[in-house]
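Here the chain labels run A, B, C, D and E in written order, and each chain numbers its own residues starting at 1.
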Amino acid sequence: MTTMTDPPNDQGFRLSQLIYDTRYRSATIQVIALIAFMVIAAFLVRNTITNLSALGKDIDFGFLFSRAAYDINQKLIPYSSNDPHWRAALVGLLNTLLVAILGCILATVIGVVAGVLRLSNNWLTARIMTVYVESFRNIPVLLWILAFMAVLSESLPSPRAFRGEEAEASMWLWNTIAVTNRGTYIPAPVWGPGSAIVVVIFLLSLLAIWAFGKWSQRRFEATGHLLPNFWIKLAILVGPTLLVYLLLGRPVAFSLPELAGFNFSGGIHLRNSMLALWLALSFYTGAFIAEIVRSGILAISKGQTEAAYALGLRPSRTMNLVILPQALRVIIPPLISQYLNLTKNSSLALAVGYMDLRSTLGGTTLNTTGRELESMLLMMLIYLVVSLVISSGMNFYNKTVRLKER
Amino acid sequence: MSQAVERTVDRAKLAVSDEIAVQIINMNKWYGEFHVLRDINLTVNRGERIVIAGPSGSGKSTMIRCINRLEEHQKGKIIVDGIELTSDLKNIDKIRSEVGMCFQHFNLFPHLTILENCTLAPMWVRKIPKREAEETAMHFLRKVKIPEQADKYPGQLSGGQQQRVAIARSLCMRPRIMLFDEPTSALDPEMIKEVLDTMIELAEEGMTMLCVTHEMGFARQVANRVIFMDQGQIVEQNEPEEFFNNPKSERTKLFLSQILGH
Amino acid sequence: QDSSTLAAVKDRGTLRCGVNPGTPGFAAPDASGEFVGFDVDVCRAVAAAVLGDSEAVEYTPLTSAVRFTALASGEVDLLARNTTWTFTRDVDLKNTFVGVNYYDGQGFMVPKDLGVSSARELSGATVCIETGTTTELNLADYFRVNNMEYEPVPVESFTEAQTQFLAGACDVYTTDASALAASRASFENPEGYVVLPEIISKEPLGPLVRHGDDNWGDIVRWSLNAMIAAEEYGVTSANAAELANGTDNPEINRLLGVEGELGAMLGLENDWALNIITQVGNYGESFEKNIGENTPVGLARGLNAQWTEGGLIYSPPFR
Amino acid sequence: MQEHTSAAFVRKQMLDQQPPPRMQVGAARWVRENLFSSWFNGILTLVSIYVIFLVLRPALPWLLGGVWNAGSLVECRQILTERFGNTHHACWAVLTERWNQLIYGFYPSSQYWRANLAFVLMLFAIAPVLFDRLPRRMLWFTVAFPFLMVWLVWGGPIWGPLSVAVGFALGGLAFKLADRFNSMAISAIAAVVVALAWWLFAGPPVVTDLSRIAPLGALPRVDSRELGGFMICLIIGISGIALSLPIGIILALGRQSDLFIVKTICVGFIEFIRGVPLITLLFTASLLLNYFLPPGTTFDLTLRVIIMVTLFASAYMAEVIRGGLAALPKGQYEAADALGLDYWKAQRLIIMPQALKISIPGIVNTFIGLFKDTTLVMFIGIYDMLGLSNAIRANAAWNGIYWELFIFIGLVFWICCFAMSRYSQWLERRLRTDHR
Amino acid sequence: MSQAVERTVDRAKLAVSDEIAVQIINMNKWYGEFHVLRDINLTVNRGERIVIAGPSGSGKSTMIRCINRLEEHQKGKIIVDGIELTSDLKNIDKIRSEVGMCFQHFNLFPHLTILENCTLAPMWVRKIPKREAEETAMHFLRKVKIPEQADKYPGQLSGGQQQRVAIARSLCMRPRIMLFDEPTSALDPEMIKEVLDTMIELAEEGMTMLCVTHEMGFARQVANRVIFMDQGQIVEQNEPEEFFNNPKSERTKLFLSQILGH
């Protein structure tokens, strides 16, 4: 409907209309912008081609399929130095995602706790949290990563210290966890026969918890009685699984870390590079999240709390029923952009030798094959895709929770 | 100044019993170094409708907020429905569910529908089953004349409608005392009328009400006492006729000349 | 032609040289912040040859990971940074290795109290390894072929490797044997560490330039050869000026520009090699001064002796 | 003005609860209410006290008992062992010895005064931007400062930076003169053409001649690679933010515009830059930028980093400014239209002054982020403070020293960033209450 | 509904010439699928003062905003001062500097002083030297009776003063036609009078005016035509006397009863 136009122009088309006529003007500007853009792009591409050919290079992603020839210490999927470069890159990407996801989880926990404690009416705790937030926010994350790494590798005992009759160091928690300057070793589950049943039961009890939640909500609505949900859920979570586990004669064993040769073996090895990166990113981002949580809660006007109080709701109920549902809408968008930052910051893995995407594809692969252009482009593209996925998740969330207004 | 309340009120209906609903004895409150309320003494009988007036900053809001413990008083006693307000949490809970309150800015919960706004507290505080709570809610929404909006969200309603929802929401808790803190001052003239009508109806049903307002029309017709506060003190209290026609203190005269002469 | 590296260097008045950020003896800043070392001397030699001033060098410290890109992108004119000459680096990465200034091999260093005396006993060890090096790849092959397990701890630079190793974050440090010696020499307590006897690879280290500018490659190649030849003929920084007055050895005469137009053929002054030798010294002098047995690094000539002495160091004739 | 409306009796905003007066409290009550008001609170307090104890017990003696004078770590440890019998104390000596390196990098020490002067002048240049109560005339100095800084820091005759400035001035002049065509496009093109003509053709010979004839104020040259430490962070941070402002404005306008292609280009650029880590951009600067430029152009790594950081910051800046634009009521655009102002005039005179003012807190926050991120340049071989701390550790004398350096670096950053974040909070508060 | 305009207007003064100032022929406009303006035909002579009334959403604002191209029309013709409004930018610029406009929310530029607000457009659009522009500005500020506020910022002024500044700001461009879009509806009663007085003065000077307003007192006294719009159409137009006393269409009657009976 919007395309009806002025009366037909008697003089026909004049060149000056390109600039002065609103109908053509925008087209003109766009065409000029497009041309300028193309010219710049062409200029860059042309330079790149000339430069590459001057060096006798070309653009070729074939290197991804040649033998990588280097080892990666932390690998979530099987990988050996005989595998091709793309697989090394994949191992790196998974490591990036691993530290990003773990980081987001821990950062959220830290951030929420710190944010809420900052609002607590305990003067001392609130102050401590302020100190935490202000110190982590205002110091570069890289410094924190290095500092965490330094703590881990300088102040923890080396595996050697665990050796001998009267060893200088000992393991934690009844000899199940070994904290060394090479990393921390924790027990790893060993799946014996019958363990599948335990896992299934565990999954079923998760389902049961969900069903119970629904049921108890309905019961509450019907009768007004509220059950001690938390404890019941906890019982469902732990009870059946534990029972089956014991009945089946403990099918899931744990392999404990043991000192063997130079190092501990057995158990899961959390390398210091990962721990340092993970902790530093989490604490750093946690400080920002604490601020987000705090201001999110504060943004829900005092009036809401007062109205809830005036209706006789207890503070904890007020928090759960009135403040949090509203605060979440305020909190989640900036929270997600913090997740985005954390993911991008995980590329600082470089500083501590964690083999993430940047250290594999953008590091060793790049400089053993000499394909810097291809590797960098590919790497940026992957990061971009990860970011876009996260931020489209945010947009989706935003659309679903927007408050209805007139 | 704006809308006169047009509806005629049957004053005879507005009975006052002898039972004491709220008693405030020698109450004092400070904000930091600032003494907001000084030696407040006030007794409200069941069924009384009290209008509180006074210049800005005189402590009106603070006083009625003390009555359901949204603010803490620091000296003196407040006894609501026979229960003394101390820092005992149980007492506070009991009093809060007996005393309804409406705010200047409505403070509806924007993430809940109108109906949910009204059923939230009954369900969670009074432990009333949802069905029943919804029936009560619809009852009161009909009473404030917006049953058809039950499934909308507060953001979709006009100010006057929102304030009426806020009143309905308080009523759903079946309070014995209602506090109003300038319920109409954020509204457009048209809407003021809707809200005042609702309040008058409430008064006719014998609700004990304390109402901070500058709607003098309302005060004249409905209140059986007008309290004038200044600088944290109750300067004057009287029946509306007397208060408006024959104010005693200078301060009151000045105030009235401002507010009416307008 | 104008875009040649030689013209660019002359124009700029300084040579840009990529060096190791800190391997004592090979390349490391001294107390006054100036880079010195055996590799650095190659840079200085080229500067002396091209510009007549061995001090006219801008050093760019490069980690092993970025060195080739820095060279390829033109950020440095020359890379003299214990870089191993390999087929792919030469052919696929489009570099031109102009010679070898140190014949080396990969070794392992461990703390003495680990009680290890052979690389074969390292199964299960944690190994600090610099990323982007040949040693990283050799290591992977060595352990795989010998069916041993290991845990690589990738580090970005020599200093970091050293710190990690000293802090005990890895059991073993592996890199070129020369660098191991240099590293060990800088330890507070060198006796506490041993370099294992196995040498698991060939690591011919030498300076390199970009593909595509052969003239520049020649200049660097012959600057290095001039140092080597000078040692062979007994030309030293002390006697070079005197010999430049003419000798009866035509090779020396050609080297020092007394006879022939070798300098001009390279596009340089005729006293180019004389400048190198007087300002930097010959190969042997540089070796002794920086990494020889009387320095903390304390390396023997070994393979790096002149061919006349049973080593591999050998300059093609100046003719 | 509002005195006589009914609103006089209504406070529009609730204040925060304030504590009761001190005479009502007393220390014991304060402790009870603030630390032990419930069992949970009590536990929190005890945990907090324990945490504080845990941190301070080793930290305090370590911090306070440090040695300030020693030539190396070994020497330092010797002193400590003599003094305390153990080495659980700081070795501040490394700072005493190397602090100037951490601050100035390898800047020649005889020229420190130049860096200092540039820093002081920078404060003066920034002040009028940050505090709008200061006389507006000081902004002229702000405009002149970049050129002054380049001259002071890098040295050489003053003519070089001056010629760049002249280019800008000529461009501005051309812009003014072309104003009569009443078209922003023409003005802009004229300005760019004139400025480029000066920079590329007319300027250089003039500069060379002038430098030869009258080497006025020829300060000894200092190379980029001699810059480092805190100084390089400041230089990269400040230039990044200053240069990204105009680009950010253009991107934000582009993103807001309803021209599809322009918008797509801007959105694409912004999302791309914001979607990749800064470090990949820095690597691009150090590894790839030369591929994209005409063969044979090589320029300073610092300059390349500044370019990349500028692009990076401008994407973030664009988003901040977009927020400011969105906060302006539509009426402002309409009023400008109705008065007959064209798009660019409206932007320049009406929209931008307001949008930018609203955005200052956001800009400051972007700057804090950027400033902290300057530490990443250590990965591409620029010696910022962290890079220098590695270099210091590489020296046998200080091998193994971490905390003293980290604490110093952290403290420097903390002071700067904390001050800035306080400033932005102050500004936010003021903008909120400002009757505008 | 509020303030009557007290000032008596010398209607004789208000001459209308034959010259045509604005002519709208068969103009149509759509928002998406929504047909806001349907076949609008209107001729305004120079010196005419037209009041446009109608219920909310009837398209009044849209119509006058089309006249200076704040909105684009999609069919039909608008001719202002002999220039046809096409998509030619030069024409648009010319028309905009001939046509002044005042908005409901004043839309003053808050970062500029009153004086700067007034001199901005003359300086940048008309390219008048600053000195001269300031003189003109002071002239018009005196006219709207607030010369003493020249150096203040808009935020420091009351609503009525702000609206008067907005009028002065438009006048500084020496427009031949003024458009007003509910200039008084965001104002408190007292201030309405100030602004209406200013507008009446303007009318007396022979300014061509199109004014969307519900101030029927103003319409009665000043307008020489009242236009009633509904659902995007001009339903009725007439002299004020006729319009108020003898409305033809049902719709108009209903509207008048609402707006006056109130």
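What to note about this one:
The definition used in the following text is that a residue touches a chain if its C-beta (ideal position, glycine included) is under 8 Å from a C-beta of that chain, and two chains touch if they have at least 3 such contacts.
Quick caveat, the model's predicted, so the values are computed rather than measured.
The chain closest to the protein's centre is D, with centres computed as averages of CA atoms.
Per-pair tallies of C-beta contacts place A-D first. Farthest chain from subunit B, judged by C-alpha centroids: C. Centroid analysis (C-alpha atoms only) places E farthest from subunit A.
The mean-CA centres of subunit A and subunit C are about 43 angstrom from one another, to the nearest whole unit.
If you average the Cα atoms of subunit B and of subunit D, the two centres end up 53 Å apart. Averaging Cα coordinates per chain places subunit C and subunit D 41 Å apart. Separating the CA-averaged centres of subunit A and subunit E is a span of 57 Å.
Contacts with at least two other chains are made by residues 19, 54, 154, 303, 350-351, 372 of subunit A. In subunit B, no position touches at least two other chains. Counting partner chains per residue, subunit C shows two or more touched chains at residues 66, 69, 160, 167.
Partner subunit E is touched in their complex by these residues of subunit A: 1-7, 17, 19-23, 25. For subunit A in complex with subunit C, the residues that touch the partner chain are 54-57, 69-73, 80-82, 153-154, 158, 160, 181-182, 260-263, 265, 272-273, 350-351, 353, 355, 359, 363-364, 366-370, 372. Residues of subunit C touching subunit D in their complex: 3, 8, 21-22, 24, 28-29, 33, 58, 60-63, 66, 69-70, 73-75, 157-160, 162-163, 166-167, 186, 188.
Those residues of subunit A that touch subunit B in the shared complex are 220-226, 301, 303-304, 306-314, 317, 321-322, 325-326, 329, 403-406.
Listed in rising order, the residues of subunit C touching subunit A in the complex are 64-69, 72, 88-89, 92-94, 113-114, 123-126, 131-132, 136-137, 139-141, 143-144, 150-156, 160, 164, 167-171, 210-212.
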